[in-house]
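What follows is chain A paired twice: with chain B in the first complex and chain C in the second.
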Partner chain A sequence: MFEAVLSKTFSPVASRCYSHGKVETDEEFDARWVTYFSKPDIDGWELRKGMNTLIGYDLVPEPKVLDSALRACRRLNDLASAIRILEAVKDKAGPHKDIYPYLIQELQPTLAELGISTPEELGIDKL
Partner chain B sequence: MQEPHDVFEKYSPELRLLLALEPEPECRGTEADSPRTGPAHCLSSCPWFFLPPATHSRRSWDISQRVGAFYNTLGLMLATRAFSLIGKRAISTSVCVRGGHGVAKVEDYTLPAYFDRRETPLPDIAYVQTLTPEQKALKEKEKGSWAALSNAEKVALYHLSFKQSFAEMNQGTGEWKSVVGGIMFFVGLTGLVVLWQRKYVYGPVPHTLDPEYKQQELQRMLDMRMNPVEGFSAKWDYENKQWKK
Partner chain C sequence: MSLAKPLMRGLLAKRLRFHLPIAFGLAFAAAVAFKYTVTEPRKRAYADFYKQYDAVKEFNAMREAGVFQSVRPSGE
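Presenting the complex of A and B:
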């Protein structure tokens, strides 16, 4: 996946784009976001804030991060947001048309378990 | 929430707010607040033109926001201590901590608004705020297993929360055709104006543009051997008094 070097939200070492600074690895980034969405009592605001921030980054989130986010939607009884998240990551992939099918393939067990339909199944990906 | 390597964990919530480490939780509103209004003091401290339509950013180091957050935190600490007896609900309806004169009128534009944006997939509020009984029943059904919902119900739930799907919001408008058409129209109109001007406005051109005069100019240029190496006179055949083939 395409991931840029990002600074952490707060850390004692400022990890900006200095060559000598501490750089967060992809795994740390993913783990941080999985943890964020895995909070058992996550509220709607945190879900929206997290998702909007994640979409703001120059990357398509990993399936495990999305899985965590979709489960957060389930805890919040928010099917609409779950479908919206899928639409958003498809839009985020931009011209790279092979990313979204890969994500759906990886998320298929979760989608089946939670009963989330993809935008394509519901027909809202067309006008 | 779990933040690895967070040395500020041990700081009190107020101090964290003070240092602008977190967005102010009060700004999200309490259980008692309706979805569209937050605590009045919070909204009045965050002028709408400082905020992007999305919710607060953790990393807004903008000076004015920090100052605003600082004063807001001070006010909040005073408010929470003073009104803890009245209860959380009262904070939004009781005396505004700033002026102390009464509740400031909450302007509509200061409240969270709905936007369909690619970069903000989950807007601050749901699209449909007031639900009919059928819609409420559907929302209740949403609390159960989603596999039990039909496709139509899922689409209905989607449209309760969102106005346009991504496909709809991303579609082009065809406005460019109007723009190009307008450009061509006005260029054409300008052309007509220019032609009319040439005929009716401008006087005759100078005599130096008469064909006879131009011929004399040309002869003079050749006689002077202007640009004889590669340019003008180089192309004239002086022997045969004609242009070189």
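Presenting the complex of A and C:
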């Protein structure tokens, strides 16, 4: 009954319930977002818009997408947004506590290269 | 020791696929329970009351009590 409806409407992210039209694969989706944030002259609005859209999806962004977003923050000299991105993905993971440590592990080289502190290092992860 | 890649997509969908049928089921069960513990007894109570209801007798009792303006108690 509901299972049939759910499996059609709740497939991950940007796939709509078209009977025509191709469903985007996860790799295509990730590649599209990496390209979005890789725009050399991306502006602050596009960064915020991109992140807000990305956070609206039913997924936690892949490390490579986040890497691209963090580098965009670097180009914009926006450290605050970079740290905010880390907070946002931690929140996106919700009750799944294994996702955020994995992401930090994968992003460690990028964080070190760009000099981005994690919210935990700054002590702003506690209320 | 490096962490394995966890599942990162469709987490809400997975949760809803599990919880929504339960939610609808519980809501439906609540409605059914209410129907058979509240509405059916009420309907039966009304039906039983009116099965033996004598409208004329009730009217005369009210008339004697003096609550009507159109007919006064039989005494006056």
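Please note the rule applied: the second predicted complex is superposed on the first by the 110 of 127 C-alpha atoms of A that agree within 3 Å, B and C clash if a C-alpha of one lies under 4 Å from a C-alpha of the other, contacts with A are read in each partner's own complex, and residues count from 1 in each chain.
Everything below uses one rule, namely that a contact is a pair of C-beta atoms (placed from the backbone, for glycine too) under 8 Å apart; a residue touches a chain by one contact, two chains touch by 3 or more.
Fair warning: this is a prediction, and the values are worked out from it, not measured in the lab.
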In the overlay, answer first, second, both or neither for which of chain B and chain C A:Asp98 touches. second
Of the two partner chains, chain B (first) and chain C (second), which one does A:Leu59 touch, if any: first, second, both, or neither? second
Counting touched residues of chain A, say whether chain B or chain C comes out ahead. B
Quick check for you: in the superposed arrangement, does A:Asp26 touch first (chain B), second (chain C), both or neither? second
Interface residues of chain A shared by chain B and chain C, listed 10-12
Would you pull the chain C residues touching chain A in the complex into a rising list? 2-13, 16-17, 20-21, 24
Residues of chain A touching chain B in their complex? 8-12, 28, 31-32, 35-36, 39, 43, 45-49, 51-52, 55-56, 74, 77-81, 83-85, 87-88, 90-91, 114-117, 119, 121-127
In the complex with chain C, residue positions of chain A that touch it: 1-3, 6-7, 10-13, 26, 58-62, 93-94, 96, 98-99, 101-102, 105
Which positions of chain B touch chain A when the two form their complex? 1-8, 21, 23, 28, 54-55, 58-59, 118-124, 126, 142-143, 145-149, 151, 154-155, 157-158, 160-162, 165-168, 170-171
